[in-house]
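Note that chain A is present in both complexes that follow, paired respectively with chain B and with chain C.
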Partner chain A sequence: MKRKNYFLLAITVLVYFFIFAPLILIALTSFTTESYISFPPVGFSLKWYQNVFQNKTFMEAFQLSFLISTASTVIALLVGIPGAYALSRYNFKGKKFIKDLFFSPNMVPQVVCGFALFTFIIVRLRLNVRVALLVGLSISVVTYAFRIVGASIESLDYSIEEAGMSLGASRVTVFFKIVLPNISSGIVSAFLLAFINAFNNVPLTIFLSGPGVTTLPVAMMSYIEYNYDPTVSALSVLLMLMSFAVMLITEKLVKAGK
Partner chain B sequence: MAYWLLLLPGLLLILLFLVLPILRIVLPTFVGESGLTLQYYKDFLTDSFYLKIFLRTIRVALVTALICVVLALPVAFYISRMGSSRKGIMIALATFPLLTNTVVRAFAWITILGREGILNNLLQKIGLASEPLKLLYTEGAIVVGSVYLFLPIMLTSLVGVMENISDETLEAAQSLGANRLVSFVKVVVPLSMPGVIVGSVLVFAGTASAYSTPLMLGGNKNMMMSTLIYQQAMLLDNWTRAAVIATVMIVTSYVVVGVLNTLAAKLGEKSA
Partner chain C sequence: MSFIELKNIDVAYDGKKKILNNLCLDIEKGKFISLLGPSGCGKTTTLRVVAGFIEPNNGSFLLDGKDYTNVPIHKRNFGIVFQSYALFPHLTVAENVAFGLKMRKLAKDEIDRKVSEILKTVDLGELGGRYPRELSGGQRQRVALARALVVEPELLLLDEPLSNLDAKLRLKMRVEIRELQQKLGITTIFVTHDQEECFSISDKVAVMNGGIIEQYDTPEKIYMRPSTEFVARFVGFENFFPLEKREDGYYCGGVKFAIEHLPESCGDQPKGTIRPDDIVILDRPDADHNVIEGTVTVRTYLGKSYQYKVATPYGDLIANGPNTKTYAAGDRICLHLPAQKLVVV
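Presenting the complex of A and B:
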């Protein structure tokens, strides 16, 4: 197998081209001077970027998405870390069932979850749309906390905790002084992945919007419905930069964790 | 009993805001004026309009999963034979689109497949088409967009399994006279089946419940279950029908995952 396999090389190049060409295309079209999307792009200007920042809907939607995603990620972690700890450090009856329940947000299609939360939180409980968004997004990303933080805890040697406890520290002290510092990189990667997924969510948040309360992806979708200009390309590039930053930080942390 | 205290917040969140709201919409769909009934489901599945949308959803999800498997198998194998640093870069590259908004990714395909889009311009320039082809707002466009969304997921789940196939295994197959293609089909593919199944579950479930891609690339004529539930619930205010669709989607998701997991377990027994 050490010989170069040109067929595999070719198909790999093609697949990666397929993965990246559309994104590169968007980036290129965002710098055009024309008011429509053209390829190859004509001229060079940053006016579409300026347009993004002058668009009140996008700016407000970004603010909302950013705040709600951050808050729901924090909730997901506050709920998920103790849950993941309990699942990996205790043995009890019904553990398998609880685990399945904790991962059930992955099994239920997000549109279903969105519709159910719309009828429950907004219609039945008459609560604010923002509350519904907060709760819905927390649920949709809580599995990242369970899975990633859970894996960090599993890979941590339990004997260190036992040593701490045999020296007289309480379980709580051991958790905060030994476990937490050791799983911090797992927590940060869970935070970043949960955040970006909450931020990008469409199927859930499309059901949970109200007057003046629209998340950025939903705002983009309604903009595209009526406009076809490079503003969306420019906004897309800005969002890609955000994703790229998240990816770089996560990679660094995963490496540091190893 | 400390663990119950630790589990409590998670349990509350999921029971109160996932299980309860879903039961609230699902249970009434089984109750008619004269007790328990399956009438709503019968109505839904015998109406050719809805049945078509249901079948389209299954078909698009299956085709997407299949294309992802076929494309990802050779590529993942190639990546899995790389040194660890190059492998890391390839996987990082593949995961980048996953962190990008689905609206952005569907928008990219609008600019490619549209009437005045890049592909149509190209086809006309090189003379393969005399007039713009209808590429966007078709079922094919949804499949392309979905493959685009989920191929990275299939790639990463396959690389994860293929890493564990040792070079010795492959050399053994070849020293016994298998050429590279035969050893790939008879050795690599069967050993990768757990990854194929995990990846297929993720791709199928993702495609069947994606919202922005079918909406933006399929248009009104090619609805899928996710765009249908939104239309019924939010535009037509037909909550009963939306609840029926919700139940069908949940059941489909559990059935497909269940079948594939059973398959995975069977394969596991065989190879063990």
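Presenting the complex of A and C:
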């Protein structure tokens, strides 16, 4: 028994080490006074953080990323929630095909998806890069909305909807007054996951970024191609903090909803 | 004209498998009737047709003379208690009960008054602020009942409401349900697979099998005089032997059998049936009628009696005999089937 526990402990420590060590490393390098990424860091300064906020490309990219991610997440939920509901509650022809379709964005490599959107939306339709980004990211995250909300709906006893109807509520009323409040935690989790995935997306957005219009992860990539200073480390730390904050807020919301 | 009439209801899934086959059922106002049968017999489907969850392929459903077949669920004003209770998890007990009243757009103080009244009726006066997950099974059951009754429905539908409770609570709740039903005088349809449960509280029972109603009668009649072999087996008749119908009565092995309650009708191949407990075992043939001779093949001990499997010219029969006199395998015995206990199906 005891030996087994040590073994488990060792594995756990290793796993956590592999997950967190690089992150901690990056966090430490962001405070260095040297003008290149080095370990161990030398001295202590916040100038790289200051640099992040003074970098116009980063600030604009962040703004774009934030707006586009939020908008595409909302679109994904608006499509995913009714879609998941219909698929779990109704039987119709082509149900399986539609279900597969909702899952497919994660089967096709995103680079392919990005290239397809690039040739179609930007080259053929000559639409704005922002539109292309919105469409692309919505498609790539709809599967999260669909899957997580779908699981919530599946676990909801269908009788409670029937009970609602028998008490005089129409289908629409039942959906808003009974189904939605009971899947709210699923919706919040789906929002979180979809948002973070949209925000962090590189393979798709790299195709759809144009001059002056670029998302934050792509901007970071092109920055480190030419600069090897710890600004990116500082930015990474800020993004980690943001993800962490979003997660905390979600957890609070999910708990409050229960 | 009955309060509720189901006329020639057909339900088939995917147009193929028939779940209900030309089903007819009349219910008098204020009565408590049960749909009884094994799983898959169509009892729940019948209830769901009445509730409006399933649209029948054929036939009609009338309530008080009005055609309800195509009335949407939310306009039917029926109270339904589900097997899982189906309480709204995000609402408190009081909010659950108030839901139907809110949908009817009643004034707030009237809702509050009705909710507290019905919660008192079902003995939950103190628990209005709790959430369903904080209640025991019996309490949830009562909330479900209160929620269904508070809207003063024209019809109460109970879908196996007791099957999730433990045995003791089940006995208590069924009496409570019956009490409440009689007090409110509400017409009720109760779906169950538990024979004892439905016999104990129903005015009438419809025994269902394979999408049709085999017999629709009072519990006493169904128990004492089943009209089909299926019903007979369902209520504990184990012995079936062929009878021959002649003009002056029923014959077995060329001898006329005395039968007190003759059936109104029977098929081409009538069968006599009797419970093992009702057979009287004799050593030698009596002058009396209704005797079948046979040889004991197996004896089993049941505690209060012995059970014998007896090989007869008409097939194996099962008879229970007293502890005072026992027979062994190989013994020749005579089975006397009392005229008042013998049933023809």
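A few points about this structure:
As a working rule, the second predicted complex is superposed on the first by the 244 of 258 C-alpha atoms of A that agree within 3 Å, B and C clash if a C-alpha of one lies under 4 Å from a C-alpha of the other, contacts with A are read in each partner's own complex, and residues count from 1 in each chain.
By our rule, a contact is a pair of C-beta atoms (placed from the backbone, for glycine too) under 8 Å apart; a residue touches a chain by one contact, two chains touch by 3 or more.
Predicted model, so just to flag it, every value in this text is computed and none were measured.
By the touch criterion defined above, A:Gln63 reaches neither chain B nor chain C. In the superposition on chain A, contact of A:Asn128 is made with neither chain B nor chain C.
Once chain A of one complex is fitted onto chain A of the other, the partner contacts of A:Thr33 are absent, as it touches neither chain B nor chain C.
Look at A:Ser155: by the touch rule set out above, it reaches neither chain B nor chain C. One of chain B and chain C touches more residues of chain A, and that partner is B. In the overlay built on the shared chain, the residue A:Gln50 is in contact with neither chain B nor chain C.
Contact with chain B, but none with chain C, is seen for A:Asn200 once the two complexes are overlaid on the shared chain.
Residue ranges of chain C in contact with chain A, taken from their complex: 51-53, 72-80, 82-84, 86-90, 99-100, 103-104, 147-148, 151. Chain contact summary for the complex, chain B toward chain A: residues 2-3, 5-7, 9-11, 13-15, 17-22, 24-25, 71-72, 74-75, 77-79, 81, 90, 92-97, 99-105, 107-112, 116, 118, 121, 148, 151-152, 155, 167, 170-171, 174, 180, 205, 208-212, 215-216, 225-226, 229-230, 233-234, 239, 242-243, 246, 249-250, 253-254, 257.
Residue ranges on chain A touching chain B, taken from their complex, read 1, 5, 7-9, 11-12, 15-16, 18-20, 22-23, 25-26, 29, 36-37, 39, 75, 78-80, 82-83, 85-87, 89-90, 92, 98, 101-102, 104-105, 107-113, 115-121, 124, 135-136, 138-139, 142, 146, 171, 196, 200, 202-203, 206-207, 217, 220-221, 224, 228, 232-233, 236, 239-240, 243-244, 246-247, 251. Interface residues of chain A, counted against chain C in their complex, comprise 157, 159-160, 162-170, 173, 178, 181-182.
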